[in-house]
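Shared between the two complexes below is chain A, which has chain B as its partner in the first and chain C in the second.
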Partner chain A sequence: MLSVLNRGAAAPGALKPWLLLLPLVLFLCAFFLVPLGQVALMSVTEPEFGLGNYAHLTSDSLYLQVFINTFLTALGVALCCLLLGYPLAYLMAQSSPRVAALLMLLVTMSFWTSFLVRTYAWMVLLGNNGPITAALAFLGWNPPPHLLFTRLSSTLAMVHILIPYMVMSLYSVMKRIDPALLRAAESLGARPWSVFRQVYLPLSAPGMVNGATLVFMICLGFYVTPVLLGSPQEQMVAGLIGTQIEEFLDFGQASAMAMVLLASTMIVLTVYHRRFGLDRLWG
Partner chain B sequence: MRDPYLQVSGLTKSYGSVQALGGVSLDVEKGEFVTFLGPSGSGKTTTLMIIAGFENATSGSVRVGGRSLSNIPPHARNIGIVFQNYALFPHKTALQNIMFPLDMRGVPAAEAERKARAMLDLVGLSGYGDRWPKDMSGGQQQRIALARALVFEPSLLLLDEPLGALDKNLREQMQIEIKRIQKSLGVTTIFVTHDQSEAMTMSDRIAVFEKGRIDQIGTPQEVYRTPSTPFVARFIGDSNLLPGTVLDPDQGLVRTEHLGLMRLPSRLAAAAGAPVTLMLRPESIHLAGLAAGVSEDAPNRADISVHTVVPYGDSTLLIGRAGGADLRIRLRGPEADGIGSGAALSVLWPASAIHAIPAV
Partner chain C sequence: MKLLPKLLGVLVAAFIAAPLFIVVPMSFSTAPSLEFPPPGYWLGYYAAYFTDERWTQPTINSLIIAFGTMALTMLLVTPATFAVVRHRFFGRGLANLMLTMPMAMPHIVLAIGYYSYLGDLRLTQTHLGVIIAHTALSVPVAFLILSANLKGFDRNLERAAMSLGATPLRTFWHVTLPVLRPGFAISALFAFIQSFDETVVAIFISGRESETLPRKMFESIRMQADPVISVVSTLLFAAVALVILAPVVWKAVRKRPNRDCARGGTPAAKDAAPQDVNPCAPSRVQLEA
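Showing the complex of A and B:
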């Protein structure tokens, strides 16, 4: 930012394009940076000045448990998205442009339906009177398992919501793999499996890393889905923050947790940036 | 007679209503360097891809060493290919790229590395084994691709316009290099290009492609001196094509539309009255009075008025009107000094310079 301003000072004309950014910068300051600062301030001032809230976070194992739970869930969701998304993205990359466009439409269709609608749809599907439970009971699973309000149900729903990000990350990388490389491998004696294992898989790895990082980070702060579908005993951080505020009006403690969550996300981003360069995250 | 090493017979290939190949046949001897020469879209790549097994021919067959290749997948054909854009694996170093085919054949790592390093030596890149493809120049990547296609001792080497992306100097250098390596290994090679001078300098034989067929196969001299179709005459080198009618086949006399009577060196294998095209290379036309050893007798001569002069340094191209058609004349060194646009010249050529192309 500093270098940009310096350059602008040297050549006044060069500053103009940056003026276009001004509304966005103002908006972000007013509605993001300022509230974020307030949250940071609250975490060390509510109910009294000091690091008490943070000390409390480390002393009560409940919080640690929730953080671990959050990370494990996010990891699981990212992994499921990868395993389910890879074959789909592969199929899209191999298809004719028309079929690929159709598949892409189907994948992104879940983007166009409201988030809440999708979450409630899962409630209907997985509920005690839902078709899946009925099917399991019919198959002789007696009494049928509780699917709703478990880690399974929230993971399933989050995978559903986040899988388009994974598929798009994978697809954009796979589409750029030169088919001549696969032919070259084949002509050099590689059987189909070796072509995949030795050439396609390593060349699609950037898409796997991008997609998994994206899904993991979004998942860390997920609120609605885990709260509505997840197990109350296995809360995620965002849900716990909500509980702290709604039920205990403990803004200080909630703010401290929000700051730790923010810090975790920043750490993931930093590691990614060090290793791969942030500019690649969005394809 | 012994079977040829590579035997391509009657290949046809259709893409929907587009016929890419309309019956391609050729035989290649072991160790031979054959070039596919032809304009873009004439079916060179398609033929190559059918030999490699990446495309299925609509009909026809490919045999190597007497064995049919149909039903053998590409990975089992043991054919080395150099692609136009090199197709090096970007996630492997130069050495790892060269070791890949050996790896696929289960060669132990130590032996594979030894062979790959020997190959690096052969292509003149000994110290470059640990480089990534992206850190190498086009010419260097080309050599690595060549080394990778040769390290497993393929039964055939196929190169599809491998020098297309290189600049002129590097191209010439790589032409010599590829030829040297091919000779030293004695590998049977098919080289695709649309550059006729590349084909002339590198090949044992040239197959000239036109519209999904091979017009002519022959040594560079044969296709240059005795093209079998007007297309070949036009595509290889510069030429004057003179349409005419056979007058007296036994005496080799032809009446051309624009330059009158012409005498050929030998009798013609065509009936009197049959249409024929005569080819006359621009460099075999001389100025009257300057041509040592060329008979000054009519008929093989013409009077022209020059309208274009193109200097090439080592030679000069003159284009002039004669009998209502353009005649192209290439004069060596200082012969053309002082000739400008508008000059009236008398030119002649030896009968031996005329080649008759039967009308099809």
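Showing the complex of A and C:
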């Protein structure tokens, strides 16, 4: 007892940070870790104790299909974001500061606009009475295709929603590329295309990896847009988890799927962390 | 630079811009369902938004919850940030991890957890329940912004105050806090936005009693019934545009006299330039989708 007091008196500095941290740590334990633990617990106890829910996940081909579908969608969205985001980030990096700032303003504006607003906007654009359907009909596609509630509509909206993450990651790397390196390559006789492929592209690769990882990870757990715009026959994991809670109150199965989703996200993060360090991702 | 990549870049910019701006004419449309271009224009749905309790109540709920989240987040995060940034202690890495972890969680996973856990505590469908869940989700953003600001703080200022006889509390109140005010303000703003925007957890736990605006919007889009959604979308987009454009305009307005000043031969008043605040610098990296 005395020694504890003495130590406390000798090193008051060691206690102080924990006192400052205590309220937040207690709060996060009670309202973050415990609810998360409850999901893990429910996955093995609802409706009965055991790994039944996980066994069900592997035996029912529906679940496997949904996981594959989610994975492929996330991969596709990440790829589209990269292919579309690259030219824009390149344009920003090569333009005058004024133009770059203007484009950045646009990207930022999109970034901060609610997912719901952007999802709704795509509903207008792709709807049966929308401009895109009208344009297709005008071009002679008759009757025009049904665009809403398909894989196409949800993918397009997700690409639009997540592309700011990609552009920001790419741009932050590209604007640090030293133009002298490109001039050096040119002066050594490289053609514009080889300068880009052999110098610029490798130098911008960290931005590509950052952006793609972010987009992929967010997309894996995407709920709002696939539920609102996607095809009901081709749900993604998060949507199926929601359905299981809202319609069937099947907490066990939903929790098991949530745990698999969580594990997949953690694996992506860990792989990224091992190779590049997480600090860079949160930028 | 060749033309083709440039053109591609411009096209992508148009791809980003078009959906953002299309909601604006939609909000003035007379059409009761999705139709573009609108058959006619009026302000009827604006009137509907501001008078219909089914829309005003969620808006009020969202504001209450966002302010509550902001206050609770700052109250918890401020001391914790000081501890992590200023002290070297056993378990610091763990604390750091714990404070940023909610950021890496898919929100649907937490939504199930809160649905059952806060349900057991009888906190679902209450403002307090949603505030608690949103605070846990806002902690990482607030912490990252505040710690970035605190790291850049010159502690000699505090030492000077203390050496002049100020107590630690007085030093904090009169020196530390004023210097860090922009950091606190941005941190709090992000916590507010995080809560005001949060959709997935709110869908599952806010219920009818404390329904938030994003939940109402989600239900309304799902039912495809209510054209008021375009009004809400336009207002939200306008708010974002305003918040982002205001500092830019302000900067441009304030820069001009400075430049004249420099031209006139007096040294440019660098201190007068507002702090360069990039609204997207601490990126809102969250798996909130």
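Basically, the second predicted complex is superposed on the first by the 253 of 283 C-alpha atoms of A that agree within 3 Å, B and C clash if a C-alpha of one lies under 4 Å from a C-alpha of the other, contacts with A are read in each partner's own complex, and residues count from 1 in each chain.
Heads up, the rule we're going with is that a residue touches a chain if its C-beta (ideal position, glycine included) is under 8 Å from a C-beta of that chain, and two chains touch if they have at least 3 such contacts.
The model shown is predicted, which means the values in this text are computed figures rather than measured ones.
Colleague: Assess the superposed three-chain arrangement around chain A: do chain B and chain C clash, or do they fit?
Modeller: On the superposed model, which is not a single observed complex, chain B and chain C fit side by side.
Colleague: Tell me which partner A:L188 touches in the superposition: chain B (first), chain C (second), both or neither.
Modeller: first
Colleague: Quick check on the superposed pair: does A:I218 touch chain B, chain C, both, or neither? Answer first, second, both or neither.
Modeller: Second partner only.
Colleague: If we overlay the two complexes on their shared chain A, which of chain B and chain C does A:P35 touch? Say first, second, both or neither.
Modeller: After superposition on chain A, A:P35 lies in contact with chain C alone.
Colleague: Who wins on chain A residues touched, chain B or chain C?
Modeller: C
Colleague: Does chain B (first) or chain C (second) touch A:Q198, or do both, or does neither?
Modeller: First partner only.
Colleague: Can A:I163 be said to touch chain B (first), chain C (second), both, or neither?
Modeller: second
Colleague: Which partner chains sit in contact with A:L116 here, chain B, chain C, both or neither? Use first/second/both/neither.
Modeller: Once the two structures are laid over each other on A, A:L116 reaches chain C alone.
Colleague: Scan A:A180 for contacts with chain B and chain C and give back first, second, both or neither.
Modeller: first
Colleague: Give, as a whole number of angstrom, the minimum Cα separation of chain B and chain C in the superposed three-chain arrangement.
Modeller: 13
Colleague: Intersection of chain A residues contacting chain B with those contacting chain C?
Modeller: In the superposed arrangement, which is not itself an observed complex, chain A uses residues 192 for both chain B and chain C.
Colleague: With touch defined as at the start, can you tell me which chain B residues reach chain A in the complex?
Modeller: 52, 54, 73-81, 83, 85, 87-91, 100-101, 104-105, 148-149, 152
Colleague: Okay, in this complex, where on chain A does chain C touch?
Modeller: 13-14, 16-18, 20-21, 23-25, 27-28, 31-32, 34-36, 38-39, 42, 84-85, 87-88, 90-92, 94, 103-125, 127-131, 160-165, 168, 192, 214, 217-225, 227-228, 238, 241-242, 245, 251, 254-255, 258-259, 261-262, 265-266, 269, 281-283
Colleague: Across the complex, what residues on chain C touch chain A?
Modeller: Within the complex, chain C contacts chain A at residues 1-2, 5-6, 8-13, 15-20, 22-23, 26, 33-37, 75-77, 79-80, 82-84, 86-87, 89-92, 95, 98-118, 132-133, 135-136, 139, 144, 193, 197, 199-200, 203-204, 214, 217-218, 221-222, 224, 229-230, 232-233, 236-237, 240-241, 243-245, 248, 279-280, 282-289.
Colleague: If we count contacts the way the header does, which residues on chain A are in touch with chain B in the complex?
Modeller: 178, 180-181, 183-192, 194, 198-199, 202-203
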